[in-house]
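Chain lettering (A, B, C, D, E and F) follows the sequence in which the chains are written, and residue indices restart at 1 in each chain.
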């Protein structure tokens, strides 16, 4: 439990229509906590690492509940500050068959988005950390959050903390404040060693325009361009997802390193999906775990994909599995009832 | 929103065992409102049309709730009268895998079935309407309901309102009062321009005996016989359904016009099914929307099938989707989470 | 309704995480009653037989509720005694996709496990019975329960009551008290006429070591060894299960008689599974029903497999289906909504 | 457990809005089984007596569930027949504070109301019985049910079975078919030995017009008139209820015997009420238990009142308490948590 | 149904912890729609009036659901516009005993608060209206909402529409943008004929500083000052509430007219309270109904108090009662179960 | 946050029938974590202190969930060990009106009760602690738990850690293993400085036999005897509870110090009670907070009583209130909705 990973991002409340209902079809919301970086922190804590969250939540019952939920899963929540503003939240309508799921963000004006970047003392916050994990959602939230993310990345470089970054490109968030994503993300990536990004994410970052998810060759090419553009970058990984229906996907994953070596996993059928949210974060946490634990890149990638596949079977944003659960997946130990 | 469609039929309360439970396995019912024609009215209202319901409900809280539910979805419920009698209802047990779903009707003695057909002033009720939608469930409920349906159809012809009719043959209902379905349905169909009917429905209507759902050629032949028998009839459409298991169907649809042209959609796999009830009504509403909106018959049919497929993903009797949702299906826009 | 079957075993409370949630993800348990032999008793009662349960439950509300639940399903619960000790229970976490289900037993110190074997007066308890049904779970619970099971089997032989036995090998239970399963089970099997056992169960019983589920040939060979070892044994049957994922299995069944005749059913795809627990008990009850009702072995086996397949569609431990439901499966009557 | 009491009446399904919600405010019903006489049967079974139910339910899942629920509580349900017709039901809206509770009956056309009185073979049904319990709800359901009730009472007199009768006057039910309640109830009362009736019930029975619940003196006078009119009548008892609000009542009870002796209990404050339904039936069962068990009339009355008071604390129609629970009430053992 | 009342204000989503739980104690929210003016509109519609809502909601599923909920209760929602911004919401924690309830507003940045006041064409929106109902919550939401409210009041005066105003002083909302409540409220009150305001509200409006709720004499004096300050004002009414505990209040009401006549109702004990929210709005709607219906002021006041008392028994923000329910309260018809 | 309090005791799972239902009336349990000492730890953590739990839970999901729940509320759970055995649990049936609540313990064989007392290294576990809190439940669980408790108290004395002890006498637990409570409790009390005990508890401890809760004078006398018997004892406090019904209690509290000074609070009416469990623990935590925070004994006692009263309004075992909530109670700030 000696590797310390600091995750920085917003904590969100998820308000979900129960089961496969539409929004407010019945007068109840199922509630979960989430947020891309918090999902990674929880997963890493459940894998036995010293995961800490840096964030800002509103004062009062909602912010306290968010921090308490992190603690419950073993995340160090002592660096979760309180500030003025509301609790960021999103509404989720689970899709089914041919009906896609919908996420309605309601994050504007949140305590996190409002937080002055100067309130984060990164030298103190990163003390003792080995890794800093960031994602592309945070700089998309507005100028203050973008500045805070950049400060964090710069401090990490200065302090010798390795930086992991998950692309998570959300065009609507960037467009809502004309945030110049390519420029900002390039400045961030100059500090990153590990990147979770699809071909499409790379395109956005390098200003090549958004594209649809792509075949392996395009990923290899995109990775090559990314390594050329960002000298600190050592590793890039992404999942490959084929959606046969809303409830049935097929998943594999690919990892490319600076030397041009590519690892590719087998493809797994994932059906019927219980909860699609947070599967990318589960992948990132799984790969990070693998690299931290000294697994080779092939094994780390397979572990990451296993974590992602398992997340599809778990309600909520957090990947509530342990190392043993993922190892059983990787080792193909079957589907028997465990008694 | 200028096309006005009047739907006439019974409003029902559905009492469903939760999830995949058997009846009263736990002491709770999930409750929905439904009824074949009300389902069509709600769907058309959600597609942006001026849909109105003509019906009779019991006085008091139950009838008021039924009318309120229609209003909630934008249906004009001002022509829903109150009368003596009970609220019609049905119990639903959702099947799974090899266990078929079960519907237990409890409609006898309802305010709708009891309503004197003379209480409906069709000249007033159809004022301003472009279409009247009926189904074969209503005349099956008893002599009073059958007479009311016939009066409605005759008034429509007299007033130049186009009549749409969905076969919905329910043998148990007809047998419960020896209702002579063939004779009554033929008298109704003399007024219809648009017919939703399978080969089997046609057989019943033309007194040829009930048969199992049939291949395309038999549908074409049945349609030909129907066009010959009913000179006002212009169009006949039906879904084709292959049931691979209780949770997994494959759906396509076919439409034949008086000129003998036949349109056929691709087949879609529909699994795992969330709610099977009301999918035929969703199809009828979708095709009606297509024809009203001036889509060609091929496009109208595809739209109808898309509406039907989407209904399988939605709990309850109503097809709570908009035009954009169905267009995304028809355009094959994929299964990504909408953010 | 004249055939009386006495089932002897523990009644259990099942505490299940709702839906596909992990344990205590939300602060609620779904509760069911179960227990391998009680599951058989309930199923036989629902098939119209005179099924009686012999067991011991704690005094007070929990034991009373367990007995009441049996009565509700038509089981004769007058031979359910009360005794000192707790209510045996188990926690269930339903798996999904690649995440296996988990059962956490909490049965130690139960009133049943504590019950002095001398409190069972088998001459009285088996009066009027045609069959006694036992399973390998009961002797695994400890020396007292093992002695009671042996006494029951011996009394049955003495009284001319036929004995049915379901292997249900649970290694953890046996290991918890060093119970010498092979020796004890062999002593029991000397009294059995009908055996539900996989190749692996036979291996355990004959002291050949546990193995993975096996192909048909190995089952035939195992059966031959079992018939050789146990002269009273007439029939052996088992299901064959291929697990494509946690939610999707394929099932068939095989039956071998002392003369060496083997019956084999077709294989059925079972997906998406609602509840996996109790499917083996459903199979045993179905085969027993078939044999009791005078169906031939092939038909009895098919009926048993149908009962097992249907159980996968039903929440809880009990197979809440009637003879007609299984007959519809065997006759392949399809998946239409029953109205 | 040697005293056998036969109860005759309808089994009802109750569909209740959850908590204090109005009808269909949320799309769920809480479901309970009930019926005045079934409530008495369940209570007597839980008090340890041999209680049997005679009734008619619809074939299929609903009727089977009703009978199963009786068995669960230890009632002999072997005399519950099946017949054509629907399941009788009622909707319940729990009131609060100043808002009265509402019951919407939906019993017309039920299998029980439809049952031909000749299908009840009372000589067989009453074999072995010591008491027959009837109530004024049953003859109010229509001519067939009234005839069946009368036949039952006559057979009881003929067979030496003592008759208990609970007034339960429901004016709406009588008025729905012009049933001449006074005449029919008088014919019934000629056979009764024990009567649960308020001053108002007596007024109806003797054709004196309905009145509001009355003070003790009027009850004594009414009892005197009842004893004069019905020579078999030995005992009359009733609760006295002051409603301080919907949630807060005060209850006492009075019993008068043919000799003119009057017993009166203390008054108990009952608040906040959990469930008001079935409290009169709980009282009747409690008094019957007291008389059967040889308690004096004062103690039997106190026991009956205790049963009634406790019922206000229990959700559903059945009084799920045992003799010990009521004895603790009568002995004033206090409100400590029982550990 | 000929009196048309237009209500202007924000529609809110309420996210409530279930039962008496604290926030997020379990991961579920009970959801209701509300908003002070919408509550009045729904109540008036349920009293049979032509109530219309003017508001702005966000585009998409949440805004559509809000409008649908109004339609469900018979409110004319055709004047509910859509606009940019989020759905206003509030979190509710129901208190109990000594623990006060808590409301956490989350309304900043809502589509309603963001709406440009020029988007409301009051001449069109007030066409055909007899009354305009406003409340002090709306101008407290920010400059845009304050301007829109003022425009509405001025238009009403110009068009001869009578204005009703409910004080609803919320200091936190006013302080959040330094809104100068006294000045703005005085400008509004210059147009009002009917005022719902406590002594404390009047103090705020006249710049006399906030005070605690006051005895009758202070209300009379405050009313006198209000009549002096606002020449159009004819009537002022308020409830008087004594809080014995969180669950137990005592309510009466007082009304003063310009001539100095004062009406006072009896005091009613209200316990145990089901839902405290919206009781002031229920009072306003009740008094408005009384005045519209031509009841005298004493009767209108009593009706309003009855409506307010009944609201305490109903979950959610809306007062789901009809005229008959309130009349039964006023006439003191008692607490009997209505069958 | 500098005062560290170590609490030692068992963590329990509570399985509660929902609402006011009887056990298994519906097939669901509401689940909470509790345990007398854990309740104190959670309350102290929520009051801002450094509260730590020492306990033993079973390995696996249940034990992990228990520790996670403590962390969620800010308790230091790093000293919660895992061990062989089951999860201790209890069933709760909430009473109402005249029906007492029931607790069914199911704690035998738990990992905590099984834990070898030598596994607790008290020098390490108490390092940095200022207080050790124990209760009389723990030594009642068996010889191992009694020894562990005694070791803890002795170590505390040795290390200068002050000891707080809550009597919590449970006769059934002591009787189940013939535990000699008087002797064992006296040995423990020799180390205690602060004692929560009723007159009845003192009687048990001093071997004077159990008595009913007593008036103030008997408490003063009992305290005097306790101070005489236990020289380290400085303070004794207890609540005084009058139970008007199951739902309505009246509470006050009394504190006596070694000098014979007695503090007495006012009496508060507590109704309608939401949850009775854990109110004594809430009192102990409140008094401890007061003493730790330097409040005088009168104020500490009032604070403790306020904490206890508030706990009655909160579902579950934990007193989820902060210092501000209790201060508002003590200051009598009223029952207004907090907005």
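By our rule, a contact is a pair of C-beta atoms (placed from the backbone, for glycine too) under 8 Å apart; a residue touches a chain by one contact, two chains touch by 3 or more.
Owing to the predicted nature of the structure, the values given are computational and were not obtained by experimental measurement.
Chains that count as touching both chain A and chain F, per the definition above, are B, C, D, E. Shared residue numbers account for under half of those found at the interface formed by chain B and chain C, and the copies are therefore classed as meeting with different residues.
Counted by C-beta pairs in contact, the busier of C-F and B-F is C-F. A repeat of the B-D interface exists among C-F, A-F or E-F. It is C-F, with more than half of its contact pairs matching by residue number. The centroid of the Cα atoms in chain A and the matching centroid in chain C are 45 Å apart. Between the Cα centres of chain B and chain E there is a gap of 42 Å.
In whole angstrom, the spacing between the mean C-alpha positions of chain A and chain D is 62. Shared interface positions of chain D, defined as residues touching 2 or more other chains, are 22, 27-28, 102, 272. Of all residues in chain A, only 15, 22-24, 27-32, 60-62, 65, 86-87, 91, 93, 102, 104, 106, 108-109 touch chain E in the complex they form.
Against chain B, the residues of chain C that register as touching in their complex are 268-274, 306, 309-310, 312-316, 320-321, 325, 328-329, 334-339. Looking at the complex, you find that chain A touches chain D at residues 26-28. Touching chain B in their complex are the following residues of chain E: 68-69, 71-74.
If you check the complex, the residues on chain C that touch chain A are 19-22, 25, 95-103, 105, 170, 172, 243, 245-247, 272, 276-277.
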